[in-house]
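Below is one structure; the comments refer to it alone.
Letters are used for the chains, namely A, B, C and D, taken in the order the chains are written, and counting of residues starts over at 1 for each.
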Amino acid sequence: MAAETVTSSELLSVVASRELAGRHAVFAGIGLPTLAASLAHLTVAPDLEIVYESGVCGAHPSHLPETIADAVLITGAEAVIPMPTLFGSVLQGGHIDVGFLGAAQIDKWGNLNSSVIGDDWHRPKTRLPGSGGANEVMANSAEVFVVMRRHDLRSFTEELDFCTSPGPDRALADGIRPLGAGVTRVITELGILAREGVGEELKLAALHPGVTVEDVKANTGWELRTSGDLSVIERPSDAELALLREDVDPERVYLR
Amino acid sequence: MAVESATGTSDAPRTTDRTRASDKTMTMREAVAAHVRDGDTVSLEGFTHLIPTAAGHEIIRQGRRDLTVIRMTADIVVDQMLAAGCVSRLVSSFVGNSSAGSLGELRRRVEHADPEPLAFEEYSHYGMICRYMAGAQRLPFYPLRSYGGSDLPDVNPALRKVTSPYPGPDGEPEEIYVVPPVNPDVTIVHAQRADRSGNTQVWGLTGVQAEAVYAARKAVVVVEEVVEDEVVRSDPNRTLIPAHAVDAVVVCPRGAHPSFAQGYYDRDNAFYRAWSGISKDKERLTAWLDEWVHGTGDHAEYVAKLGEEFWDGLAVGEAMSLPVNYGRRL
Amino acid sequence: MAVESATGTSDAPRTTDRTRASDKTMTMREAVAAHVRDGDTVSLEGFTHLIPTAAGHEIIRQGRRDLTVIRMTADIVVDQMLAAGCVSRLVSSFVGNSSAGSLGELRRRVEHADPEPLAFEEYSHYGMICRYMAGAQRLPFYPLRSYGGSDLPDVNPALRKVTSPYPGPDGEPEEIYVVPPVNPDVTIVHAQRADRSGNTQVWGLTGVQAEAVYAARKAVVVVEEVVEDEVVRSDPNRTLIPAHAVDAVVVCPRGAHPSFAQGYYDRDNAFYRAWSGISKDKERLTAWLDEWVHGTGDHAEYVAKLGEEFWDGLAVGEAMSLPVNYGRRL
Amino acid sequence: MAAETVTSSELLSVVASRELAGRHAVFAGIGLPTLAASLAHLTVAPDLEIVYESGVCGAHPSHLPETIADAVLITGAEAVIPMPTLFGSVLQGGHIDVGFLGAAQIDKWGNLNSSVIGDDWHRPKTRLPGSGGANEVMANSAEVFVVMRRHDLRSFTEELDFCTSPGPDRALADGIRPLGAGVTRVITELGILAREGVGEELKLAALHPGVTVEDVKANTGWELRTSGDLSVIERPSDAELALLREDVDPERVYLR
């Protein structure tokens, strides 16, 4: 199992899983976040629970789920709760340590756009799906991890076309007291950007082996600063890859 | 003394002319004819599970126009209703084909006003949930910790702020966003089973269906099967929607396809993936509607047209809940 | 890169150090010792059904003092805790012995400050429910259509008004009362069953237990029985309180007496009727506490002391729910 | 079954049942309201549903329940709903046609006191149970019926010691838009007082046979006015009594 054969999905899943060390409750969609959380459960976060946006807590699926509402997530789960309870008591109630989000655009404060591409919301160039629960995941999770396959100037922008899910800095400017730290980790094919909370920009914190600071800067739309203790990300270990490939996604549904 | 009905002072939308004991079963055709009118505000709920697709198709068949559709996840059934020209306004928090791709008609309407503009009110999921809760609870607004710093309030003037009358944790006044209630003219949901009077039982993902029903002036429940009263009454906690909130019960097996009904049939993931392609091409989309909606007299024909082999592919096995004891006085 | 925990900016009371998979079972003595401290705000919920009496008795045995007790229906268990000197403040919406009569100790405390005053915050039922909902949902307030014109706001300054940012039905500004959140230090509820990690299943009357648990910093679930994981997982919709909200699971059969546990034992109506007489006479009340609470080491002794014949009188027969199919992928 | 043998409970139950003609949803406690509603279900209101404060809808009890939470109400019921749904969606949501309430004191506007007797709430002469759900039943039911066994000057007062559950007139004066008509019927051992809505006092609307207007005025603490069409209440019919005694409460749990 040589490191060279590691796919992008495997790499991102393994790196994200390490960031979940010690966490208890994760709000995650299907795909890389589920793979990361499932791997973390087997390695660095044995008590980890994945809460799905559909209301499933403590799933024990017979097959790897294809959607957050896959019937296999429900059968055998520990609890299935109504949506008002999920969003009201669990998410807004403050029970989520880490929420996973994706987005079409992210800026240096970790604000996210998943609504439209183009200047005019009313007549967008591209209509995207919108918030779903992203606005709430951002507002209420203790912290948010963003996993982006693509690290390029289209996604990492100086200015968002539209802010769907704001971080705490924008909330404060709007007179609203933020409850969480916002985006604290952005995990991409190039490395990891990180910030800790209010008033902090996303800085380059770690690089994948072989990637340079210049590579990342060239693909980031704002003037990216580098963390003082910039590190190189350890390659996925044989143990991590074995668990991921044999236990988490043996049919390679997501490990494309 | 003559009994006169009190007029009260309420101008609230609620009617309480629903009866509990009567048989409310009717066909989908009858239910849509009776309860969905041109210009109505229609809520169709079901979060990825139990999506009332067959009801949407019947609305298309009956040619309803100028509807305001309220649905958290505006997905395939909404794209179909848009393409059929039923919808002039959409209120939603997610306009995508699940994680499987795009809604072609919705994007043409929003991005190009093709063939005509679509009025769109954008919320987040919890914003929609809170609107239903405010509607169900007859509240003037519902507070939520969303939207702070978002651009959504700039394009949706319904998102407003209230100052709490209690000091915040720092002793200073605290502001919070609120959403207004929604009271649909009719809410349509799909469920596994009900009795004839409308006591409706749902398991698996239960979404926001109960709140959407309570928020509505009229409610239509579409079910996989109508069961005897004894079945429902053996487990009253399973009744998510009591009969007093229901106006019509429609028996429509497999009416949630391509979504699923826990314990009845599985999700048709292939159709979700196919929809992005179908809907991207207006001609293909029109042909699909002609064949599968206008070309079928009702959902039973749609089901038959898909064929037994197809349904075998979505069949599920048994995983029965263990019974609990409600107790009996000795 | 070292993983550092984000401090965030939240000063909300929530802790997320609860784990899902671990075994949280402990004895009542351990649970009360660990989670109920002098001066705490303690919510005991269960609306006429599943009242956590045994937990109240253990709080008395351990001699807790200066508690603020939050309970919608302050009934026998509250009167007992008052008489034992545990409680300095009560937050409630009904202070009576069900429909069976009065609470003698409560009336002495309120009417005569005997033996000492009782700080009392009076709400209505829905006011209490909304306080729990605001607490569970981390809201600064919760609006409700109660209290307009009542004298309750005159004696309870927590009842305040907010002006809706949307016009009322007449186009004029609309005012509504609101209540503040409650976040108990610990909520204790009784339930039929849970697994070892705290996934708790309740049937029959479910009251406000889930909201009271979610509102609390810590939660103790007392159950008639702990069951194997497979039992809970056979019916995940029956789980009212997920493990992530639970800190301790206490197995305590018949711990809700004199209230009832649907399907396990019936209500002891005779004791409810007797309580008015017992509590009216301070000496009788003290003797009752000495014999039945201080005089028993734990609830198992209390149960044994009542005797088998007594429990036979409260036994219930079988009325099993019909199972539903959750489905299995083929 | 001569009318002379009719008990006070039977009389009140029968009279109250007639007032429920055509109603659909009643919010009722155990005792006379349940008897009245059960009898109405068999006579003038075949579609009547009793919703209990405990969350039970469509009960089919095997025995006459002793409390609103009696286990026999739950087993075999059509629905048992959580308290937030009951109070939020059903009651506040406007689904209740008639709410039944009792009280220690009532005034001419139908305002109710169930909190304290005595001038000082902080140090009352008698501490009563308080609102329970009464404040909400009053605020949200389309109309409210009050059944009072005792019709005397202690209960029918010019001024309440404390207003727990205000009618719509007090709500309006407090700047709150009322949703229901408040108390529209007060059924006592002497007769029926009635009002229709905002701005109206309770007036004497009907008398039991043998009771005079003066009897009622002498036992009412405010200057009671008489309705223009004052009527005499028909005695319970043999059919009503038979249903009440044989079908509704054969064990005479409440028909003392």
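Assume contacts are C-beta pairs under 8 Å (C-beta built on N, C-alpha and C of every residue); 3 or more make two chains touch, one makes a residue touch a chain.
All of these numbers come straight from a predicted model, not from anything done at the bench.
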If you check the contacts of subunit B and subunit C, which chains show up for both? A, D
Taking each chain's centre as the mean of its CA atoms, subunit B sits from subunit D at a distance in Å of 37
Counting in whole Å, what is the centre-to-centre distance of subunit A and subunit D, each centre being its mean C-alpha position? 57
Express in whole angstrom the distance between the two chain centres, defined as the mean CA positions of subunit A and subunit B. 29
Contacts with two or more other chains occur in subunit C at residues 12, 133, 138-139, 144-145, 161, 168-169, 174, 176, 203-204, 206, 210-211, 234, 237, 262, 266, 316, 319, 326-329
Flagged in subunit A as touching 2+ other chains are 56, 71, 74-76, 80, 88, 92, 140, 177-179
Using the definition of touching given at the top, classify the network of chains in this structure as line, ring, star, complete or other. other
Would you please name all pairs of chains that touch? A-B, A-C, B-C, B-D, C-D
Show me the residue ranges of subunit C that touch subunit B in the complex, using the header's touch definition. 11-12, 138-145, 160-166, 168-170, 174, 176, 178, 180, 192, 201, 203-204, 206, 231, 234-235, 237-238, 262-264, 266, 315-330
Subunit D - residues contacting subunit C, complex: 29-31, 53-56, 66-71, 74-76, 80, 82-84, 87-88, 91-92, 111, 115, 121-136, 139-140, 162-167, 169-179
Within the complex, subunit D is touched by subunit C residues 47-49, 73, 92-96, 98-99, 106-107, 110-111, 113, 122-127, 129, 133, 144-152, 154-155, 161, 168-169, 174-177, 203-208, 210-211, 260, 262, 266-267, 269, 316, 319
State the interface residues of subunit C toward subunit A in the complex, per the touch definition above. 1, 3-10, 12, 14, 16-22, 133, 136-139, 195, 197, 199, 210-211, 214, 229, 232-234, 236-237, 239, 242-245, 326-329
Seen from subunit D, its contact residues with subunit B in the complex are 18-19, 21-22, 24-25, 46-49, 51, 56-58, 60, 62-63, 71-72, 74-81, 85, 88-90, 92-97, 140, 142-143, 168, 177-181, 184, 192, 194, 196-198, 205-206, 229, 231, 233
